[in-house]
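The following pair of complexes shares a single chain, subunit A, combined with subunit B in the former and subunit C in the latter.
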Partner chain A sequence: MSVAVAVPERVVRRRVDAERGLRGALLGLFALFLWVFLAWPMAQIVWRSLHDNRGAFIGLGNYVRYVSTPAIGVSITNSLGVASVAMAVTVALAFVYAYALTRARIAGRGLFRLVAMLPIFAPSLVSAIAFVYAFGNNGIVTRQTGFNVGIYGAKGIVLAEVFYCFPHAMLILMAALAAADARLYDAAAALGASRVKTFMTVTLPGVKYGLMSACFVVFTLVITDFGVPKVVGGKFSVMATEIYNQVIGQQNFTMGATVSVVLLIPAALACVIDRIVQRRQYALVSSSARPLAPGQGRLTNALLFGYCALVAAAILGIYAVIVGASLVTRWPYNFAPTLKHYRFDTIGGYTPLLNSVGVAALTAVVGTVITFAGAYLVEKSRTAAAGVLYMLALLPVAVPGMVLGLAYIFVFNAAGSVLNRLYGTLAILVISNLIHYFTVPFLTATTSLKQMDAEFENVSASLGVPFYRTFWRVTVPIALPSIVGISMYFFLNAMVTLSAVVFLVAPGTELAAVAVLLLDDAGESAQATAMSVLIIGIGLLARLVYWALLRGVTRRTQAWTTATQEPTSTA
Partner chain B sequence: MADPRPPAVALEGVAKRFGGVIALRDVSLTVAEGEFVCFLGPSGCGKTTLLRIVAGLEPQNAGLVRMAGRDVSRLPPSQRNYGIVFQSYALFPNLTVARNVAYGLETRRLGRAGVEARVDALLDLVHLRPHKQRYPAQLSGGEQQRVALARALAPSPSLLLLDEPLSALDARVRLALRHEMKALQRRLGITTIMVTHDQEEALTMADRIVVMNHGVVEQIGTPADIYTEPSSLFVARFVGHMNLLPATAVQPGRARVGALTLRHRPAPGVGPGMAVTLGIRPEEVRVGAAARDLDNRLTARVTSVQFQGAFTRLGLRGLGDGGVALECDVAATALADLGVKEGAEVPVALAPDALRAFVEPPGTHA
Partner chain C sequence: MVRWALTLLVLLLAAAAPAGAKDTVVIYTALEPEQITDYMKAVNKTLPNLDVKMLRLSTGDISARFMAEKDNPQADVIWGVGATNVMVFKNAGLLEPYAPKGLARVQPLFRDKDATPSWVGIDIYMSAFCFNTDVAKKKNLPKPESWADLTKPVYKGEIVMPNPASSGTGYLSVASILQRMKEPEGWKYLDALDKNMAEYTKSGSKPCKDTASGERAIGISFEYVAMKMKKDGAPVEMILPKEGSGYEMEANALTKKGKSNAAAKEFLDWAITDEAMSLYSKYFAAVSVAGFPVPEGLPKDISKVVYPNDFDWSAKNRDRILAEWAKRYQK
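Entry: the complex of A and B
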């Protein structure tokens, strides 16, 4: 009875109206942005690594030379070694700390958490400078004890990196530990399992993905970091500093590109695995899970408290050294207080700091607009093209800053290119920050968009209201907490980043973090610490503003978000 | 007497596929001005897809969509002039009830006072004026549904589309809203298409029902038509309850069920020897004294007595080998006169003009 009518594969296309055109145009702009500032530079760096310095194609010649020249090839094993050790130490230390903060009943948990977050507000090299002040040849500890630990080299890099990566690992592990299911612990207790056994069979497996994720994140942070090895590495060469040496020291751009591509591999690999692991972690959290109340034996609590106090004291100590060194006449010979280091006379005053604040603010504003609008356009237009853009937006997290910076030199410092005009401007610094830190905000925005009813746009279309109006009146207000978070993420990172911008600053566009590096390099460590103190101060201030903003937003949105809990008859 | 005006909605040969899945094939139907039409069918039959094609939210692979004679097949949703209520309501959580309802009015040149007046009028219509300043999260499910309805109606669209608007509500609220929505639709005279998988909802609310199955239209008709004259076995099973008896056609108007030969309504396309299915609704089965002098009579044993409130459902089994199983509804008032209990033997009649013959053997569309 049923007639077999063939249904064509192609759909009847909608006529293009103004709104659809606008949507397409915006998506096109977003694609263009990602193409010019991400895909094309990355392609360039690969392309250049296959050529010699005169532009002749030599295939894998550079790579062969890289691994077979001991002087530079050693940076590969050095990088991997340092990153692995720092990863193991950081995750182990952070795990105990996170465990104490989530699972034990100890006093001052809020304070401990706050102190451990401090390293996030400083460029990575600040911790290295502090270690030099403490343990360097003229360090205060070295002078007091007469014992030189030999900070320059692998030892110093690991120490400083552990300090720098600690909060990142701690946050991931705290999240994993907080997601525990109390029912499993009840079951273990009912079966008479000992504490150690419960820890091995319940606690560890429960946070296994969190542990792995923390490992990958720390590994990536260390292997891509440039500031720390630059300051305390000495003659110990790692890949990130090798790129810098090749490009800035020897003007050997193609070898710089070659090292960059090799550095991409472990960083990208770690990111991909981390994403897979994170997806598993979500699947692990059951919706019927009962949260675990913190509580441990008395002795354990005391031990954990002691541990946290020790770690927090160490972190505070590092900061104390930085603040102290910036305020005394000449560390460690003359401790008379002075503010002269805050005059920054060798670098012409406050221009770098003001530039940094300006760039960070611009990055925050423009970055928030682009990531949120981009995520919106990609999420709402379910086409194959949008899928490609989504994948592209995930790429930056795997690109080390040094690699991005060098790629930008290739693209924006090429003679005869229109893009050349961007070189040497603050705009290029803003853009490189945007791309460098693109992925996390983009995913945050996507997640918050996915939580909204997919029919909002359809309802508006049926009411004859254009999508951009609904975007502004409904989508943005609902997502405001994430939007504030995104802008803060951009701001803080832009304040402290060094690796990408170190290749891109020019006379007049110096940045504070780069100034720290240059001052330290020039032997003006006191001014470097003064600059660090200001960077940290601005970061903390921004954090305060963020809290205030978030509270304001929460108060404004409370009316419609918590309404279900309190059905009041206001009408 | 043909209506000179073109139908409010006309679909011609609409087809849709999602990759390898054919969601709709060759769907044609019309909805008259002011009519309330229900798309009814089991889950996954393509009702929502069809509604979204009418709305322009999903592009069809073939076919035309006309509204009031105008071909809108290639127009975006914003140019089709309809209001829509989704199953989730999709109310804007950050806007008050009044702002939600005003949402489609603000882009029109009505002026602040004009918008206010229209919002008040609509909130009166759905009895929500006192809740004007509340946020959606402060309303019950039924109230939210009414806000969504008011918002959809605010710009005075010529067509109202509803996708399972009542399915998220509990039974009591659903029943009340059924009547309220139907009354509202009558009062406004707005052409309405509603998707539902609840046959009772369709029977009570619709002027006409479009019964769908596996992406094709099985039957279009008034609730009474659909109920009394199901055109296929699928419709007979899906709408209401029906006794189905596997049979073999013997001659026009007669079929054999086991040892019995029964007369049935004339059915086109039935030839001698064909496997057919005879169907009769439980309330059409006559028992006891009422069956005594009728045609198509048999004797059956009462196997169960189920009290159902207004009526009682009897389970019956014809005597003899391979006796047919039947269900029969007896009105509460008639039951006392009948005086049956389990195990009793009663005469049963299947009136020939109530006994329908379907060509498909039972088991298809299972």
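Entry: the complex of A and C
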């Protein structure tokens, strides 16, 4: 009551009302954004799947036809099959690697981590192209050893997907393995448990949520990816390529929509379970836990080092193939060095690459602002409407990019719509990236907001400081490391994404990742790898800038804490 | 950061706005990228007032995009897209009849029969096999001479061809086989061919390029890419099948957009000039205006090596054939 003595109550109430109005208006804007660019396009997809190509309502007719066509139905089991196998292999491989990096004292951990991150910097199909160069019918390994792996088909898809998904699983597992309570290990040692027993009863249960999370992320990545099956799938059809065949090959847009909706189901399921699991994870490490110091027996250390060296060498080998193939005249017949593949005459020179950098930078800036401000508004206004928005913000992670791209054609090129102005511009590419990668940054922002003491707001409010000033002066500086991480996440993904934008590029708005796909389609694999090398280079450069920024930011604003956050999954 | 974002946004809007001084023409094409580079040099010199914005995709992709956008067409001009696809556009009412300047020089076979044609052909290309002699030696494969040879068990898993749904080259081969052998015999042949097929690729040039890199032994592609790979030093030979190659015409058309577009017409006029034809003739077995030379290594008179194509039949039966094809081989 003492505050009210200084300022007349009437004035306080008016200001509080105005603030509440502003807050509501901003929340409304956020809701409008999610409605126009996410909910409405998704509704269109579902709506189209219930109609035939002439626009007549046929209920579930398309779905009946879909599951009853044996050739198409096969793609469902194929997709589930490769996704499951790739998931098991990736998580197993990544677990040992992450374990070595977090729990053992081995040399070169920083380097191992960096090398394992490499596949994140390139579009998925690049790993497939590299595997063809190495293990294809006429790949160098095949030629040297005379042993043909038989890469075209399920085997090749699994191989290339494991390579592509490895860093995603590794990052999640590293985070999970890092959060261990040393007291449990002391207790196990005191009780005389063997190392194997300790591993089975302490280590594994401790990271079970991380393991599940990694499984789901990899599963979703594989089942929604179409770059890899496109290149090494051979005659093996999966759901993601099936959408492409229906839409592009047969111009059957309603069937494309139908496959899309079916593809939503496993991805959405994986995502829901993942969210439940994540919520439990938070409570796992209690505040009185003592961090575990890394350390293993000498033999274990040596074995783990050997394993990491092997995996890192394999990854570097694949990258060497990509760089090498881009620099020789005609792989594998003429190894004379040349730079001619870097001229990109046939696709208009460097325009696609510049477009990509521009789109990625814009996605990073606009995406960071929208996700962070959105997360803030949703977090601070505890209403039912905000709850709905929260659920909506979680949806994109389950939406395959191709589905989003298809939906955008339906919505943004309808006759007489005001949204048509966006079609064929770079802006629509930015927006589709924003939505496609919305969930993870949104959750990162939410988590970092939750970690902040609500007292900041309460104190500010009672001192009569409007919420937006508190947001700008207190919240943003505290969360700056997360914010930098979010913008990095948007940038890197926007550089390499393919699935949504492949439907949306227009004359003048070509993108580098799409150029890789088109060049490979046209059989210009050398130019495709050259473009990939440039994409990877820009990604690494951005990563360098990120580290520098993070260090600067941390030194200036995070003196009070030790933890920094970075979004880990790219699902 | 806010200011930075604003600056970028302004730049973006500026980039999205029309170029102003020049006349913009949006072109959708399925011509090979390396040819386009060559043609565009001439276009930029002869028509400096045009600001050409081009989307280049494979025949199937570009057609799907064009059909998907039919409620609000983006393209002004279709340039060098398979005639069978362009006929489908015409039937869907998406084209504006237009007689480009110099139409009289175009041979009758190469144009829409209407007085004011909805489409005008520019070139003919035909199916050809690429054969990697290096791979053949290693695997002891005889050289195939005919379509019939390709079904021999010795070639199992060694052949690639384009998917007829996405590639014009793929469709012309399938259509030609079905016209020559008639249904259902033609389908029986395709069943046998499917048994040897390693993969159906999306684009028409990819089978030959995969053959050139030694990934495959035999690729069913078209004549130009086969010649090109050979010239580039890949160990490949071009084979024109004994029974006759399939062939397809590539055509230009004007999009129906409700407003007249002078720049689009200007481009269509240029696209059948002697300048354009002499450039096309570097790459194709035949062009639509008579009297241009044939590329080295190709037969002087293509009528001797092709099986005559009934374009109307190909266009009319396209949906049915592709559906049947997908049912049989897409799994």
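Throughout what follows, the second predicted complex is superposed on the first by the 516 of 571 C-alpha atoms of A that agree within 3 Å, B and C clash if a C-alpha of one lies under 4 Å from a C-alpha of the other, contacts with A are read in each partner's own complex, and residues count from 1 in each chain.
In the analysis below, contacts are C-beta pairs under 8 Å (C-beta built on N, C-alpha and C of every residue); 3 or more make two chains touch, one makes a residue touch a chain.
Quick caveat: nothing in here was measured; it's all calculated off a predicted structure.
Once chain A of one complex is fitted onto chain A of the other, the partner contacts of A:Val474 are limited to subunit B, with no touch recorded for subunit C. Legend: residue contacts after superposition of the two complexes on their common chain; A:Tyr152 is shown touching subunit C, with no touch to subunit B.
Ranking subunit B and subunit C by residues of subunit A touched puts C first. Contacts of A:Asp186 after superposition: neither subunit B nor subunit C is touched.
Contact with subunit B, but none with subunit C, is seen for A:Glu19 once the two complexes are overlaid on the shared chain. By the touch criterion defined above, A:Ala461 lies against subunit B but remains apart from subunit C after alignment on the C-alpha atoms of chain A. When the two complexes are laid over each other on chain A, subunit A has no residue in contact with both subunit B and subunit C. Against subunit C, the residues of subunit A that register as touching in their complex are 69-71, 74, 132, 136-138, 152, 230, 234-235, 237, 245, 247-251, 253, 329-334, 345-347, 358, 361-362, 365-366, 369, 409, 413-415, 417, 420, 423-427, 430, 505-508, 518, 521-525.
Those residues of subunit C lying in contact with subunit A across their complex are 1, 4-5, 8-9, 11-13, 15-16, 26-27, 32-34, 36-37, 53-58, 60-61, 63-64, 67-69, 71-72, 74, 134-135, 163, 165-166, 197-203, 205-206, 208-210, 212-216, 225, 232-235, 322-323, 326-327, 330-331.
Interface residues of subunit B, counted against subunit A in their complex, comprise 13, 15-17, 22, 25-26, 55-57, 59-63, 73-80, 82-84, 86, 88, 90, 92-95, 103-104, 106-108, 130-138, 151-152, 154-155, 157, 161, 216.
The part of subunit A that touches subunit B in the complex is made up of residues 2-3, 5, 7-15, 17, 19-20, 453, 455-456, 458-466, 469, 473-474, 477-478, 557, 559-561, 563-564, 567-568, 570-571.
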